[in-house]
Amino acid sequence: MYEDIVDLDAGIEELFCDPDPDNARAFFKNKNRGLVNKVTSVEQAVGVHINDGDYIAVGGFGHVRIPTAILMEIVRQKKRNLGMAGHTSIYDSDLLATAGCMDRCDISYVIGYEIRGLSASARRAFQSKDIRKTDWSNGALAWRFAAAAAGLSFIPSRHMLGTDTFKRSAARSITCPFTGKKFAALPALYPDVAIIHVHEADSYGNSLIKDGIMVSDPQLARAAKRVIITCERLISHDEVRANPQATTIPYWCVDAVVEVPYGSHPGNMPGEYWFDEDYFKMYLDTVKTEEGTERFYQEYIYNVKNFEDYIEKIGGVRRMIELRGIEKLIFTNKG
Amino acid sequence: MCADYNPLELLVCVGSRVIEDNSTVFVGTGVPMAATMLAQKLHSPNVITIFEAGAVAPQMPGLPISVGDSRTSYKALIASTMNDVMEACQRGMVDYTFLGGAQIDMYGNLNSTMIGEDYQQPKARLPGSGGANDLASLCWRTIVITPMDNRRFVERVDFITTPGYLNGKGAREKAGLPANTGPYKVITNLCILGYDDETCRMRIESLHPGVSVEQVQDNCGFELLKAKSLEITPPPTQEELRILREEVDPDGYIIGR
Amino acid sequence: MYEDIVDLDAGIEELFCDPDPDNARAFFKNKNRGLVNKVTSVEQAVGVHINDGDYIAVGGFGHVRIPTAILMEIVRQKKRNLGMAGHTSIYDSDLLATAGCMDRCDISYVIGYEIRGLSASARRAFQSKDIRKTDWSNGALAWRFAAAAAGLSFIPSRHMLGTDTFKRSAARSITCPFTGKKFAALPALYPDVAIIHVHEADSYGNSLIKDGIMVSDPQLARAAKRVIITCERLISHDEVRANPQATTIPYWCVDAVVEVPYGSHPGNMPGEYWFDEDYFKMYLDTVKTEEGTERFYQEYIYNVKNFEDYIEKIGGVRRMIELRGIEKLIFTNKG
Amino acid sequence: MCADYNPLELLVCVGSRVIEDNSTVFVGTGVPMAATMLAQKLHSPNVITIFEAGAVAPQMPGLPISVGDSRTSYKALIASTMNDVMEACQRGMVDYTFLGGAQIDMYGNLNSTMIGEDYQQPKARLPGSGGANDLASLCWRTIVITPMDNRRFVERVDFITTPGYLNGKGAREKAGLPANTGPYKVITNLCILGYDDETCRMRIESLHPGVSVEQVQDNCGFELLKAKSLEITPPPTQEELRILREEVDPDGYIIGR
């Protein structure tokens, strides 16, 4: 049983991103190192930095610290043929898959909303051949980002081996030159664009994740060729220099900075606001049907001008204050 | 089944009992989170919980909705990266992982990726590994918590997302996974299952109150072995149920009340 | 010219530490995970946790954030046949090499005191066959710690190749399975004991480096089988939990915690006190001769009871307040 | 040599001029630190300095004694790890590295490890690579600053600590080092040296005031090539010297006054 899988030496699926470190270095060589003002709008950030066909990766944890404004703008600008790292992705990959922006995905977690169940619209999208798929684990994608951040083409690891997750990946295997032991070899993942929501950033792009978990964002920001940051608050450059240990992402990784208060809604923003569970319930109910899905995208994205209008639509600052109260343990989730 | 508790409450209560104090436990989404919180409040106050987004040993003020949300880092000992906690697993610092259920076979291999034959166009696409493959590969012992029926407990999973014993003794090591790791227990609503040392096949170790071997076998798509002496699982206590309902999951996210 | 070096596929020197990750895992499996009080004395920390023959690695940067009390106690307790990672090491490796505690060393930087010149005593020690040597770069040792922290046996890298530094290491080379390119393969380095000085720690060993640079200490603390922490200040456990993002080293890595105010003297402790340049000048002058060296070790280590006495000897709290004034930019280095 | 400045001051002033604004420069101990600080105060206020212990772009309040001390992280943009900054180099984000001198050969290979034949018992043991091997391997361009004499500029270094062009064109790539990297300039007290594109051998590009080609060759243990048109280095200006002496190194750590 399973003989074809357990002793496999290489995955059989497609490698979506070039892992060659010399090609990546040639790109990074020309990346601007100047301390220049990178503050822009959501529209400009997406219009200038995301091209059809790009491979993107999203920071945070799929419904925690997500860059909703950028994701919705990608849908609104009808970007097409995007590749994506489906790394701990939830609402982020759902939006891009459902709206038809994505044509390939390195999956470690999609469709699911953790304890809330599955998204029917994401499921329809990912079941279709329209999205070419490979599978990995969360750890694998985290380490693939780390390998790219380190300027390598691969990194060894000790998981995935023996499973269909390995077979349906583009990983290979390698023998340790010291111990003779077999390891998985994960290809470095250099995304074209990373999109990350943070608590604070200065105008140059120095970014601070001030509460909660980092997921793989320090690695991702360094691995990506271009980085778009949205932040709850812009801060002065001097504030960054006052505590250099707190800088999560240095400015030289960053290409665009947008101030987007409440930018992780409906996701949790640690220290700021809790999940909007009513919204998630509405979303998951609405997208059960194709008509509902169409209605949601018209109503919440295409017919909405920008993120400020969106926040008005979901209940405005008053709703965000409620979610802040839950985050701060002042109210429970049920009011 | 006794009327005092529902199957999910039974799962959580029985699951919580296997968690040892002062051990490191990597906790998956859903039932494992509730079971771990219950254990902390009852008998294992110093269990070290680890969440895949990067948090270690929080003093959770309520049930997390996500293994990456701010409840998981509340008063934690460290709020770090996924890379850091996965590397702690790979280094051998994590005793148990506690995973949710999906398709499972007699060797404890798990499927949470797809149902069907055609990988690019499956009958049903599921979320994928998440951290499950990592944790079941790298932690010392894997505990699965899942309701039991013969659509879940199958002869052959459609996709090995997450390694159990693969196809038998020694297969994990041969594939390249770390030595002496693997499935440990399966907690279901009917029984507690373990694994036979020699064959690495699943076996019944403890029957929940009122459940027979036949009933367990009827709900399983493959032949189960039996431990030499079968135990009877003590039912959930009043205290377990009270703390579960009032303190761990008052909103009923997991136990569905 | 250099043909024998530039195309070499493997270093020829000795590998001092077992890189096998399954052996390391077997050790870490039994490491205590309990939240127990680990506060102890310098004498006990060295007596209990450092054995003759152990391979040790020291945190900080050789003369910045160094665990002087533990180093001097190792000398005082006459530990012998220690191996050492000479990673950004300066005063730390000098003390152990000069005092005859060390019989093997993975060198990336020893003997030198940066702009102050070289230590004659360290030079004598490292020129002798009594210390078996291999050479690496600082980056190589940093990545070897990272590989061990990740539970691997090796990590690829793109330096050292083509040089005598590679030849005189125990590194090998490896071919990337994705690009076919040649990389160095660095063996994971799992030290028996790491010794790290930090700003703050709680009684369980949760440790915070609150100012200045981290060097490779996060990786080193995770890589080492045992960890001894000295700290400027013990703090309460609640203070750690109040800001979990600030924890540099989690308690489960740590075996012993000792409160040692001024513990980095004569080294710089970022945010606390500057280098004691008078002391370094005295030291480097004194150890120029073998008699001077003997005199220094008698006077400053063997005849000193403990670190409190040592601090008295170098000018007491009054001197430390001067060094604090320089660190805080209140005085210049020349008074 | 003009009486207005000493050879070390000349080295620092000439070295500081090659530092471009808005470039990333990985700075070694000693003369490179002083040259970089001088450039920041004169013509390159936004040069991004990187120090191997983990600090990036500090606003240094005074000359660091160490590339890991608290001056290097003072008002820095990030105070991180050695691993992080070395990985930035390996990723191709660092334009220049600025290394101190030791033995150097015609291909720019550097020795800072040992003098003699017997590795385990050398005639003189030196510190070793430190970060030099990493930086010269991984940054785009390597600049060496060193006084010039024929004990330092040798036919064959006793130990290649740090790669120059190894034994000629293409050797770095063949060895496995990243493409299109390597030695760029050598700044000495007599002249500025570069490298011939075809042979990768060292060549004279600019003579310091009052210095002849013969004098340079007499202070070099191997045959130097010459650029097609030799320039004359402008001498240190009054302003360069004033800022160097008053603001950069008032204690004379580097320039020895």
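Labels A, B, C and D are assigned to the chains in the order they are written; within every chain, residues are numbered from 1.
The rule we apply is simple: a contact is a pair of C-beta atoms (placed from the backbone, for glycine too) under 8 Å apart; a residue touches a chain by one contact, two chains touch by 3 or more.
If you're wondering where the values come from, they're calculated on a predicted model, not measured in any experiment.
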| item | value |
| --- | --- |
| Starting at subunit B, fewest touch steps before arriving at subunit D | 2 |
| A-D against C-D, pair bridged by the larger set of C-beta contacts | C-D |
| Distance between chain centroids, defined by C-alpha means - subunit A, subunit C (Å) | 37 |
| Rounded Å distance, subunit A centre to subunit D centre (Cα mean) | 41 |
| Whole-Å separation of chain centres (CA-atom averages), subunit A against subunit B | 27 |
| Interface hub residues of subunit B, defined as touching at least two other chains | 55, 73, 79-80, 89-90, 138, 178 |
| Subunit C residues counted as touching two or more neighbouring chains | 21-22, 151-152, 157-158, 173, 181, 183, 211, 245 |
| Complex contact set, residues of subunit A against subunit B | 1-3, 5-7, 13, 60-64, 86, 88, 107-112, 114-116, 118, 123, 126-129, 132-133, 135-140, 142-143, 146, 157-165, 168, 173, 181-184, 211-219, 268, 270-271, 274-275, 277, 327, 329, 332-334 |
| Residue ranges of subunit A touching subunit C (in the complex, touch as defined) | 10, 15, 19-22, 151-158, 172-174, 176-179, 181, 183, 185, 187, 209-211, 245 |
| Subunit A partner contacts - residues on subunit D that touch it in the complex | 22-24, 46, 48, 55-56, 58-59, 73, 75-80, 87-93, 95, 138, 140, 178-180 |
| Contact set on subunit C toward subunit B in their complex | 21-22, 24-29, 31-35, 148-152, 206, 222, 240-242, 244-245, 247, 250-252 |
| Residues of subunit D that touch subunit C when the two form their complex | 29-30, 33, 51-55, 61-62, 65-70, 72-73, 79-83, 86, 89-90, 109, 113, 119-134, 137-138, 156, 159-163, 166-167, 171-172, 174-178, 250-251, 253-254 |
